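Structures for review follow.
Below, chain A partners chain B and then partners chain C, in two separate complexes.
On to the complex of A and B.
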């Protein structure tokens, strides 16, 4: 993509137009005010639907044809089936068979299994992906081989874009582990149970057409209904929507790496000594091995002090479930479930509550769950001297990850990044991030195995840990130490061409990704 | 030597922070380099430059070099290059990376050796952060954890690690090989600020003396004055029988350790968690060490997942008289250290006894009493040892009692 660019409030050069649509440059955190009304879908009438409520059609292809899929349309899917998703690829197999071109795939995240779609990017069936770019897809885009420009959004940014009408979904194809003939659906039950369907809400509410695909048709009513049948056009029953062992881990495991355990232990000590961990603290940690280890250490501290976290926000794991069941956590609010223990918990525990991303992370709504959180544990591929964070590219310039909920979670009271100082010789703390995904003013603490850097804006935290014996350093000192060990890296080299843009949580453009120089 | 091809290092799935070097000098003209590296964008030029520098250092002008790199640090690449060149060429030259000034410290014979961590001598990924885990000692192992065919390259890697890895204040230890190879190992180690050499499968005082003499020669040659302590490891029935003589074989011996896997195999029994089969050997070794005035050190505990069993094992070890244990995973370090610390109960009782003793001294009383109980002098002495230990560990303030340190 080429065209007119400007320098945004973060000092990054960004385009004023993306894929033919106008774009607003990033204005600063909390500076952009949206105007206008939310996107509205076509008004349906029940006259057009079977009076007996049975919306089951013979095949996914029939449903897609009946929805009137045309070249250039946008198809959305959710990622609750993760790397076991069999539905998204099938949708494009059908579209390619029909001979459609220039489709836009708008997933809530992509996984290695979606590598199969590269052939449709190559033959023009798919124009572009607006969603996370993992592994081979990221490499494909970074090499400038995708026709359209990729648009990377956070989970919250995605639902904001849907709600605000930046992305108009023509057809949402939503896999459902359980559904009834009317289209009511949930994430539990059946061979492909994924727990909750927290990422599908904006899709079914705002898409023009909604198809539910299930391998577990249950009697009406499918209850509790995370997706409401009144939004659904067609229900498709297939043999298999997913590969169970790739949907949820049988069991998530804390890291065995001694270095990561060290980081986890240091993080727990920091949270305790800085006073951030307290009775009632709301906690969110991810499902990575280090985060899980931190959760275990925090659980120990809560138990020892007789404290209770008032709620934790999922993705949930067995370690969070343990806190809930042993009385150290009041509620789990949950948008996605990572292991079988968590699936069990959400099915049987009324304090384990499905909670959609639409409600939790949408910046253009009447409140922000993440700003109510006390402890937010996140990762990053790079952090720079000014605490700016990157999660989408690596230092070699290649797109490799989606944003996930990362940008949304930056609004928590205390944002903590436990990260190794270098990964296989690649320093994580750099002069300037390759791609800016989150402004440094929102990142409070970086915890590495070789020291902790506290954002100078957080004078309170700096004061709290004085005399604690914790290894407090500056980002400059940490960077110098990494470079002393690893050597000073060369810079990645790029062409002019913009292959992806990174949106901020309010829909403005915070940065771009350029094509790798061949 | 008339080989024209050499291969060192490691590559492939699961290998991190290492590289494989294939060097061919057959019909080459000039230097050609093929580099495969996951960090090529960031470090490609510096990797190539380093390899050329090492080739130049050894005067290699014609070579084809294939490097398969998984993020190896420069000291690793240099070690792999040197080892490859030494497979092809006879040379005494060493390509030495910079010596980190923070690694030039000496240790004392009586320093704590509660937890010493073994690190395989040919695995760079496990070396890089080893200094961060607060072990009392870090052992770069050239013996059992290195495959026989890799002994030469491991020796060079360990030397470079001694110069480039920050040990973070842990005692710098190396376990050398047995026999002649072990003596040769010393040439690669002693000039690089090693604090302690572990001597494996030690069976008679002669083993120790040969090593001691070789170390003195190397120190003399390089004009080194830093002490190099020895820790013989007893791993056989014969070694146990000779343990007192071994313990007294050199003034440089700071500790003597037992290796139970080999010992139980030598006497033809299985090693159990209860360890009844090795009770005699362990107590005999402890007694020999105490008689010789050095530290008795326990074997490693091999189940890295069972922290509860490790804890019990350390308590028993301490109750027998051992003053330290080997670790094979960093997670074991804290548990082991904690286990050798005096317990809170024990400490309180010891403080009371020492205070009663001081009170009695002040009042010119010949007999020490605590409540209605008389305290014998050996009990006072033991309490004093506990208190001294606690002061050294920082568990009690130094001015808490006026005891004489046991350092």
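On to the complex of A and C.
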């Protein structure tokens, strides 16, 4: 993509038009006010639906044809089947068979299994992906080989874009571990249980057509109804929607790396000493090895002090479930389940509650869950001296990750980034991030194995840990130390062409990704 | 109201404009196709909401002022507090104090306690009520004393009108027995428990501003979230939202009238002999004394045969709860709770599920629950020889009842009207209904204490009960018998002026109510 660009409020050059649609440059955190009204889907009528409630059709192809899929349309899917997803690829196999072109795939995330779609990006079936670009897909985009421009959004930004009509979903194809003939669906039960369907809500509410694909048709009413059948057009029953062992882990694993364990321990100590960890604190971590170790350390402290975290927000794991079951967490509100123990918990425990990202992360709603979280543990591929963060590209310039809920989570009260000082001998703290995903003013603390940097804006935290014996450093000191060990990293080299844009939580454009220089 | 009228597909004279807005005449069952898109509310932003999630303000007046209530605006409320509602009247006390005029009250139903609002209808604070008009309010309207024209909609028609933007709610004021500071709310808990909040969903999703009023502020997260806090603007905590003994009955009572009991018994026998009652049948009755008796008889038959009703749709009562708990009903899907036993059940039993009328009854959605019901027990004030039904006026022409879910429920597989042959010596079966609320083609069976009339369209049922010994009659025979006893009733006498219109489930106008002749 080429075209007119401007410098946005973060000092980044961004386009004024993306894929033929006007774009608004980032104006600063909390500065862009939306105008207009939420998107309205076509008004349906019961005239067009079977009175016995049975919407099952013979095949996914039949459902897609009945939905009237045409070239240029936008198809959405969710990522709850993660790397075991057998549905998304099939949709485009069918579209390619029909001979359609220039489709937009709008997933809530993509995984290595979706590498198969590269052939459809190459033959023109798919114009572009608007969503996370992991591994092979990211490399494809970075090399300038995708026809359209990728649009990267956070989970919350994705639902904001759907709600506001910035992305109009023609057909949502939603895999469901359990569903009834009317289209009510949930994330539990059956051979492909993924726990919850927290990423599907905006899709089914705002898509013109909705197809449910299940390998476990249950009696009406399928309950709880994470997807409400009265928004659903067709139900497809297939043999297999996913590969179970790639959907959820048999068991999520704590890091065994001594450095990462040190980071985790430092993080727990910091949270305790700084007063951030307290009785009632709302906690969100994640499913990475370091995050899990942090969860275990925090659990120990809570237990020891007789405290209870009011609630945690999932992605849930067995470590959160343990807190819930042992009485150190009041509720798990959950948009995504990572392991089998968490699947069991959401089925059994009325305090383990499905909670959509549409409710938790949408910045264009009347309040977010994220800003109510006391402790937010996040990662980053790079952080710069001013605490600005990058999660989508590596220092070599390649697009290799999605944003996930990262930008949304930056709105928490205390945003902590436990990150190694370097990865594969490449320093993580840099002069300037390759791609800006989150402004430094929202990132409070960086915790590395060789020291902790507190954002100067957080004078309260700096004060709280005085005399604590914790290794407090500046970002400059941490960067210097990393460079002493690894040397100064080479800057990525780019062509002019813009291959992807990164949106902020309010729909504005915060940065771009350029094509890698051949 | 005067103005241009036409004869609609049911042969009724209806206006082409109502309260200054164009109206579509009824075209026949399943004949009107909606055009256009669902209503979109203003896009909000987290910028305008407290990051700690606390939306509690000092008073209802403060909340209303902050919402920017102006003359001419539309205020919606739900009726879950029934005749114990202390919130709706207060809203208009505040509006009158501010000096506002020409407001529209858009309740999901009204009750005798709302008679107090007549003073605001008289002084111009309220222009009109769009919703059910019971007792004194109905009399007020029938006498031509309301400034605007009343618009009567079914519960499903109401949510259709909201969704389609036919009625734009400026402010929804939603009473909640339990709520947290963020605005998540439910129908259980606290001194004013009403069980579920199944009538509030379209209101909170489609109103521009939403106020929650509670007398039971609970810890975040209030769960289950029947109202989702991310749609809520303000939370108000008051001493008392309702008068408990008028919200739910201590205990709902089966009829003691021998005639009504006979009707109930005949109904149960008919359902059994006709084959309508079967293993798995989905059942909806109601909370009237005759309906409760029918529920008990049906329960006995199910138990005896070892059958289970797949699900029942509430309004729920202790008699449905008993079916659920004793294993003769799989699920209660519930939009409304009528007695204390049902409140207990919805709190305790995961198979007693809150289910909104937005999901169950909205004809402009992708399928309704009602058309999946096998047995639908309904009432009527009048039925004519062709099975057309009236539920809003009496034979004297006075508007005395709301439509409730009646029109929506007519879409069930088997619609049974167990009604007395006469009430207060006025026959219920008439030559022509005073007000047409539901076309006869949707009403299958009328069961009176002196015989059963089956709609000639239902040849299958006529066949099924041949030789059953049941007293099968024609509507003409039943009418003749009633008139032999009571004499031919006087026709109501009306002025020209239209005081109310009756909408069909698809938003078209099926009939009108004229001013009573002085």
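Just so we're on the same page, the second predicted complex is superposed on the first by the 518 of 518 C-alpha atoms of A that agree within 3 Å, B and C clash if a C-alpha of one lies under 4 Å from a C-alpha of the other, contacts with A are read in each partner's own complex, and residues count from 1 in each chain.
As a working rule, a contact is a pair of C-beta atoms (placed from the backbone, for glycine too) under 8 Å apart; a residue touches a chain by one contact, two chains touch by 3 or more.
Given the structure is predicted, the values throughout are model-derived calculations rather than measurements.
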item	value
Touched partner set for A:182, first chain B, second chain C, both or neither	second
First (chain B), second (chain C), both or neither touched by A:261	first
Chain B versus chain C as contact partner of A:55, first or second or both or neither	second
Chain B versus chain C as contact partner of A:489, first or second or both or neither	first
Touching partner for A:149 - first (chain B), second (chain C), both, neither	neither
Partner chain in contact with A:110 - chain B first, chain C second, else both or neither	neither
Contacts of A:395 with chain B and chain C, given as first, second, both or neither	first
Larger contact residue set on chain A - chain B or chain C	C
Which of chain B and chain C A:424 touches, first, second, both or neither	first
Contacts of A:449 with chain B and chain C, given as first, second, both or neither	first
Chain A residues contacted in one complex by chain B, in the other by chain C	none
Chain B - residues contacting chain A, complex	16-17, 38-46, 70-74, 128-129, 132-133, 329-331
Interfacial residue positions of chain A with respect to chain B in the complex	258-259, 261-262, 395-397, 423-426, 449-450, 485-487, 489-490, 492-493
Residues of chain C touching chain A in the complex	30, 33-53, 55, 163-165, 182-183, 210, 219-221, 223-224, 228-233, 310-311, 330-331, 333, 350-351, 353, 359, 362-369, 371-372, 411, 413, 506
